[in-house]
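Listed below are the structures to be examined.
Paired with chain B in one complex and with chain C in the other, chain A is shared by the two complexes that follow.
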Partner chain A sequence: MSAPFGTVLETLTRQRGVRASLIVSESDGLVVDSNLRFGQDGARVAALAASMYRKARLSARAAHLGAVAFLQLDAERGRICAVGGRSDLVIVVVSDASANVGLIRVELLKALESLA
Partner chain B sequence: MSDDIHRWSDELARDPSSLVFLQLAEALRRQGQLAVALKIALRGVERHVKRVDAHDLVARIAVDQRDFDRAVAAWETVLTLQPEHVGAMKGLGYVHFQQQRFDDAERYLSQAAEVGGGADVTAALEAVRRSSGGVPIADVEGVPLSDAHRLFADLLIDEGQTAMLLDGNGYVLAGLYLDSTGRDVAQEIGAQLSGISDEVVRSTRHLDLGDWRSIVFETNAAVIAMAPATDSSLLVVAASRATPLGLLRRLLDRCAERAAGWLSGGGGR
Partner chain C sequence: MIIASVEPWIEAPLRRYVDDARARIALLLHPSGQVVAQAGFTRAVDVMTACALAAAVHATAGELGRQLDGRPFRALHHAGVEQQFHLAVTETARGAYICLTVFDQESSLGLVQMYFEELCRELAAAAPPLASLRAPALGLDFERDLNANLAAMFGREERG
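Moving on, here comes the complex of A and B:
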């Protein structure tokens, strides 16, 4: 991968149960860089995750709760985790439901630091 | 959603008499573009003065804008056109409750209950009846534990923890959200946060992740956890940033169990 965030994304995707990791522009939902398992539709994941993160951020701001840092969605067959808040970029991980979300959160926060 | 909005806008521009104004104004309302949504809904009402859903839409936008007089007028029109419209009864009950006109609130909610308003109406009616003494429930010591506002009180162990249950429209069914001054801001916070669940449902559906179980996010001021509950309701639990996420999730599970029991009529305890 020759893309600029390849190392960051490879580190995330190496975590057990991680299906995809992406760096997404929150404002337009476009993929900046991605590391996907076969079969994952990066553009769709990016658009939906960015939209969800943006909604959470706007709702939290309107509710006077401040900026959203880490976000974790748990569903029947998988998880979406995202971090952002320092720029327009949001780092997104899609994982199996059984993945260790504690480790993923730590790696996501490290990845966010490395982007700063 | 923005593609839909563009499409509906174009359609309405081509045909100003189109009923697509209902979808367009609703989508804009959900996005928080309330002034534009109201403008479109009011134009629609002018052209479709007998449309119940158009007046109902105006009322819901007005509530989001805290313009209760407009909301009351619109919902009263709805009831003129369709006397058994449960949504209008619930809406009028809510608005009168907010304005502390408890007798009017109780009257409308009782009517809604009579025509099958469901568990959320029953809970709201209970809250109104308990509030009709004119004293905020949060301030009353010794209120029975069955009180809707105190539903989660015994589960919240640390200062800064709070929980509330919202219906599908973002209205508070039970619980409280106290700000740093002790004021209950559940309605405001709930209205803002409830919109997230629409995005969550859309994401999980398109990514084939199955039903969503919870969403947790950390903000500058708090950690928030939300989970779907019975009858399209939404449980929201918040705690200070110092609260470990694992503990928050356990608290969410316990509150969800309590809410499920309460909504099913078992009292939840």
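Moving on, here comes the complex of A and C:
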């Protein structure tokens, strides 16, 4: 793992059921830093999660709902959670479908604070 | 979006790529600058210009890569204020093609790179083998082939 986001990502990936955690650029959809388990395709997750987060942010703004606080996608075989701040960076977690989303949410929001 | 191709096996993969990557414009060409397929252009002259420029940029980047890294750079990205382009090479049984993709805020470099990898796989799988090696595209042949390709895509009489 590489600096400077290593500690933040390691804390996230240590949560039970978390398969990968990434920091991605929302505008480019590129990986800034990542902590992936073997077999995860970080570039693919980053591109799709960034795109999804951007669309959610634009949708929330268009609906006059304000900023996106937390984004969660539940799928058959897993879950993607993402949070973003004022910068271009988005923190993304990929987890098992059975993972505790409450804990992941808390850790993601903590991670976001530590990046601010 | 209008998609036209000189070789029919290219059309479906290119259409998927443009849709998935949400590209505004895509162009597939030989490294010599001859157009093979295009998506999003409406005028032949724009295709011809874009092909010439893309081939030149690719050649320049390739040579820079050889000078700096001992091998040509495979892909190039340039970001403008509103639009960006991605220029990369894809290898098939019929030889190498350059793909120029123009995209805006509807897409991202990550998405384009990801779907470009899929395009490469699909083109490599779909390409029929070449019966014989292509002769170097130079001089009269080049112009004739270029005009024939543009005519095939834009439905006009061949020039010259």
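Everything below uses one rule, namely that the second predicted complex is superposed on the first by the 115 of 116 C-alpha atoms of A that agree within 3 Å, B and C clash if a C-alpha of one lies under 4 Å from a C-alpha of the other, contacts with A are read in each partner's own complex, and residues count from 1 in each chain.
Criterion: a residue touches a chain if its C-beta (ideal position, glycine included) is under 8 Å from a C-beta of that chain, and two chains touch if they have at least 3 such contacts.
The structure displayed is predicted, hence computed values, not measured ones.
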Checklist entry - After the chain A overlay, clash or fit between chain B and chain C? => result clash
Checklist entry - When both complexes are superposed, which of chain B and chain C contacts more residues belonging to chain A? => result B
Checklist entry - Regarding the shared-chain residue A:Leu71, is it in contact with chain B (first), chain C (second), both, or neither? => result first
Checklist entry - So, does A:Arg44 touch the first partner chain B, the second partner chain C, both, or neither? => result both
Next on the checklist: Is A:Ser27 touching anything from chain B or chain C once the two structures are fitted on A? First, second, both or neither.
Outcome noted: second
Next on the checklist: By the touch definition at the top of the document, which applies to A:Met52: first (chain B), second (chain C), both, or neither?
Outcome noted: first
Next on the checklist: Can you check which stretch of chain B gets into chain C in the overlay, out of 4-12, 58-66 or 76-84?
Outcome noted: 4-12
Checklist entry - Which parts of chain A are in contact with chain B and also with chain C? => result 44, 48, 51
Checklist entry - Of all residues in chain A, which touch chain B in the complex? => result 44-45, 48-49, 51-52, 55-56, 58-60, 62-80, 94, 105
Checklist outcome for this item: The chain A residues in contact with chain C across the complex are 24-25, 27-31, 43-44, 46-48, 50-51, 54
Item to check | Touching residues on chain C, where the partner in the complex is chain A | outcome: 105, 107-111, 113-114
Checklist entry - Inside the complex, what are the residues of chain B that reach chain A? => result 1, 32, 188-189, 192-193, 195-196, 198-200, 202-204, 206-222, 224, 245
